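Order as written gives the chain letters A, B and C; numbering starts at 1 within each chain.
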Amino acid sequence: MTTMSVRRRAGTPGTLRRDRRDWKGWAFIAPFALVFLAMTVVPIVYAIYLSLFRDQLVGGNSFVGLQNYLDVLSDAKFWSGMWRVAIFLVIQVPIMLILSLIAALALDSLRLYAVGFYRIMLFLPYAVPGVVAALIWGFMYGTQFGLAANINDFLGSQVLQPLTLRWILVSIGNIVVWEFMGYNMLIFYSALKVIPAELYEAAEIDGAGSWRTIFSIKIPGIRGAIVIATMFSVIGSFQLFNEPQLLQGLAPNAVSTYFTPNMYAYNLSFAGQQFNYAAAVAIVMGVITAVIAYVVQVRGTRQENR
Amino acid sequence: MTTVTSRRPSRAAQHSHVVAVHGRPRRRRRHSVGLTIVMVILVIYTIVPLLWLIINASKTQASLFASFGLWFSGPFSLFTNIWTTLTYDDGIFLRWFGNTLLYVVVGAGGATLLATIAGYGMAKFKFPGRRAVFAVVIGAIAVPGTALAVPTFLLFSSLGLTNTPWAIILPSLISPFGFYLIWTYAIEAVPTELLEAARVDGSGEFRTFFTISSRLLAPGIVTVLLFAIVATWNNYFLPLIMLSDPKWYPLTVGLSNWSQQGTGASAVPIYNLVITGSLLTIIPVVIIFLFLQRFWQSGLATGSVKQ
Amino acid sequence: MASESTGAAFTRRGFLGLGAAAAATTMLAACSGGSGGSAASDDDIEKAMKKGGSITWWTWTPQAKKQLAAFEKAYPKVKVKLRNVGSGGTQYTKLSNAIKAGSGAPDVAQIEYFALPQFVLAKSLVELSDFGFGSLKKLYANGTWDSVNVNGGLYGLPQDYGPMAYFYNKTVYDKYGISVPTTWDEFVAAAKKLHAANPKLYLLNDAGDPGFTTSMIWQAGGRPFKVDGTTVTVDLQDSGTKKWTSTWDQLVEGKLLNQTTAWTDAWYAQLGNGEIASVVTGSWMPGILETSVAQASGQWRVAPIPTYDGTPANAANGGSSHAVLKQGKNQTLAAGFLKWLCANTTSTRIFREQGGFPSTKSDLSASAWLSDAPAYFGGQKINKVLADASDSVLSGWQYLPYQQYANSVYSDAMSASYSNNTSLNPGLQAWQKAIVSYGNKQGFKVTGK
């Protein structure tokens, strides 16, 4: 992983105590390690254990081996949820990150007044809990009494139908962009600020224009940040739950019970009492997400090292 | 997006080489009208929903849906709404507020403490099993937090921990990201010579940590703490499934419950309170961010992205 | 009362029918849970009520608050915490969650008749014969009593019943010259007429609702679910179902239905401002109209539901029981409250006076109730109409033993038809597939036709 190579390159071996027999470090690690074990490793192991059983309304609990996993792999609902979040991330994540990048580059361009104002204003939505964001947008999306209704009235047509089957993914995408655009902007902006000044000076001597500076210095300079932001956005997309779950109450026809893998696991558990199957779904989802996140990171890093 | 992991600060922040923010000698250039327009559009986009929230927190339930969303209408009832929000159902909102504070203080505080101590330990000691710790924790960062939620729920229900504050606090005590950030941060922020000197003076490792090292780690700690606070403050999925009893709800679950109360066979719509409550929920986080701006921005920048 | 439907089938005159959901599951002897807890007599219950304590009650009944006030007057030492966590499916999801969590479930909960078997199968409810509640049988109209008997055990007490009726906004009807339809063909014609006269107005709202769909199939003579012990057949293509879809497709494809999500604020508002001119639903609706659509007082009336050939034929929609949960710590007290709530005449009188449709024989035949002419309905003697409606409920209907789950995935299957204004049949086929697959995974022997 990146981090390994980073550390090696960083080369700070002198900072470590040399004594290999020294267990003192464990005194520092132990509390974290214990809680980590209990809160991450144990639930995973327990989920794996559960996923090997099936508890039926008729017939009770029985060991079924890997049957639940075979079922997940051929479960059209599960894959349709996965497919939906995949489409979501392929479209929403680039839009969000490009907007964030544009904003960060603008802030860094030294051609704006009141940089601090823009920075804070764009970042504000990040402080809004996802639930509250979904509630606010849910109200605004209303075609009876919401802002969408006002706009439709003004236009004299019914073009805006954010809570319908056709538009719901866009509507959710918009909420997520709104929530995280400023946050990602800040990550990029922080990265831009630490690009060594010498690089710019060199570019100026070369007579590079703004665009060339952006594409040959700035963007390569923050590639690491872009890779990381992409990875976290990808993980976030796969975990989509709050926004569709809250919008479902407003638009049950637009948001199915298996709209995202997470919603599927939730509804399997609490509407269908299929806890064992839900555990299998959670594990398959986790593995897929982890693999994709890993690939994004490895690929991003490799390109950088090229 | 679920808050469980996506609220983590970028891993970018982890590759800290304690690069001081370069006071770059770049000259301010000609002001750009085009860029200003772009930024103003983006600001309008982010600010409209917040304006909508503030404006509609001043409306009564009756005028809420009977008026244009982005302008004031009906009697100005912001203060009535705030009062009703705080007193509705025997002041349950304040209870939720208190719960959220509890989860934030114990959960986010504990997560920061554990991550800081452990990250520091990783950076400054060599011990058997160190590589294994590294591998496991890094692996865990990639496991989506919500994938763990249902299994954790089942585990907790068999242990009788559901419907208790522990059900929320325990899972939020772990911040693999925070651990990693402090680890990479500590490598350079705390000079090994300083620790050697302390050892020569006969100071115990923990005493050294609390008296000397922790100060040097402060910007990193503040950054980890802030993002842990946001993650806990925004937590929804986990409390939603863990808690059935409203007396332990955090604000997020409480507000969505109030919102649901507006639908159903004997609906009691209190959307004015949902909106006012949302506004009240946002304010503390915004204040914390504004107040500590200097810290976290330098924390992010310092820890930022020089891979 | 509720948005979804009951498990009782009724023959003409006097609730002689047999509860189909009950019949369906009575034979599930294999899984009938033992009674477990210790038996308690009336004395024990009375003692517990005198001693007092605190219990939690989940319900979405609009009459609940007034009933509770009367209860607390009678038993000041018993503190009942009333909570409305959502109606129908929303509540069941939360209930399942709390049951699985091992804590946080209420002591007493409202559960619609159709949903009762699934909670019984999951062994979540207290068998009430231990409290001697079997003797209450004589109080209730037979159909509702059968609905609370599952697998040969008594798992709840009936609150109400939901024979369907036709609620309409007379002001709107008069203004646009719409006469109350007696057949579904007339209904379709009236729907076209109203919507053409004013495109903002719709004769009916339907965005897809499992309880409504099953009731409509029931009324059309369809019997898609056949349950015999753990053997289930599903046929959402039978002639009755087809009869309903051929009528309803005209409304869906003709975009003649208002598709605001039911039970939301927007929906209530449109019932109030006339944009939705009628509601076809259970007889528990008057109480809800009076409380949640108060601004339309004086405008609404009640009529019998339209039929296919003009002769009376009806189905039920909704109807709830209240049940005691096994998780509760003070089950005797909970049972005492339940008994008061559903069997005490003060409670049932308040319930019927506040617009609920009673389940007890004495209330159903009370002349004060039958002659009641609420001002909200312009002085119409609505209870007479509703009581008559209950007499024509068709027999032989059965729900699935896991109807609650089936209803929770209804929108998954049907949303495309409603959203795109296309035929309902592909949706019903998809729903059937989901029902068959879930049932087999849960150990039932389910075949789809």
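Please note the rule applied: a residue touches a chain if its C-beta (ideal position, glycine included) is under 8 Å from a C-beta of that chain, and two chains touch if they have at least 3 such contacts.
Because the structure is a prediction, the values reported are computed rather than measured.
Considering the contact criterion stated above, the chains in touch with chain B and with chain C alike are A. Ranked by the number of C-beta pairs in contact, the top chain pair here is A-B.
Note on chain placement: the centre of chain B and the centre of chain C lie 43 Å apart, centres being C-alpha means. Note: centroid distance chain A to chain C, computed from Cα atoms, is 41 Å.
Distance from the chain A centre to the chain B centre is 15 Å, each centre being the mean of its Cα atoms. Touching two or more other chains at once are residues 142, 144-145, 249, 269-270, 275 of chain A.
Residue positions 65, 153-154, 241, 260, 263, 271 of chain B each touch two or more of the other chains.
Among the residues of chain C, those touching two or more other chains are numbered 90, 94, 97, 100, 261, 264-266, 269.
Those residues of chain A lying in contact with chain C across their complex are 54, 56-59, 77, 142, 144-145, 164-166, 249-254, 256-258, 267, 269-275, 277.
Interface residues of chain C, counted against chain B in their complex, comprise 1-3, 60-62, 64, 83-88, 90, 94, 97-98, 100-105, 261, 263-266, 268-269, 288, 291-292. Of all residues in chain B, those touching chain C in their complex are 65, 153-154, 156-158, 160, 162-163, 241-246, 257, 260-269, 271.
Partner chain A is touched in their complex by these residues of chain C: 28, 30-31, 89-90, 92-94, 96-97, 100, 118, 121-122, 207-208, 230, 259-261, 264-266, 269-270, 401-402, 404-405, 408-409, 411-412, 414-416, 418-420, 438, 441-444. Those residues of chain A whose C-beta lies close enough to touch chain B in the complex are 1-3, 6-7, 10, 12, 14-29, 31-33, 35-36, 38-44, 46-47, 50, 99, 102-103, 106-107, 109-113, 118, 120-133, 135-137, 139-140, 142, 144-147, 150, 176, 178-182, 184, 186-187, 190-191, 193-197, 200, 222-225, 228-229, 231-233, 235-243, 246, 249, 262, 265-266, 269-270, 275, 278-279, 282-283, 285-286, 289-290, 293-294, 301, 304.
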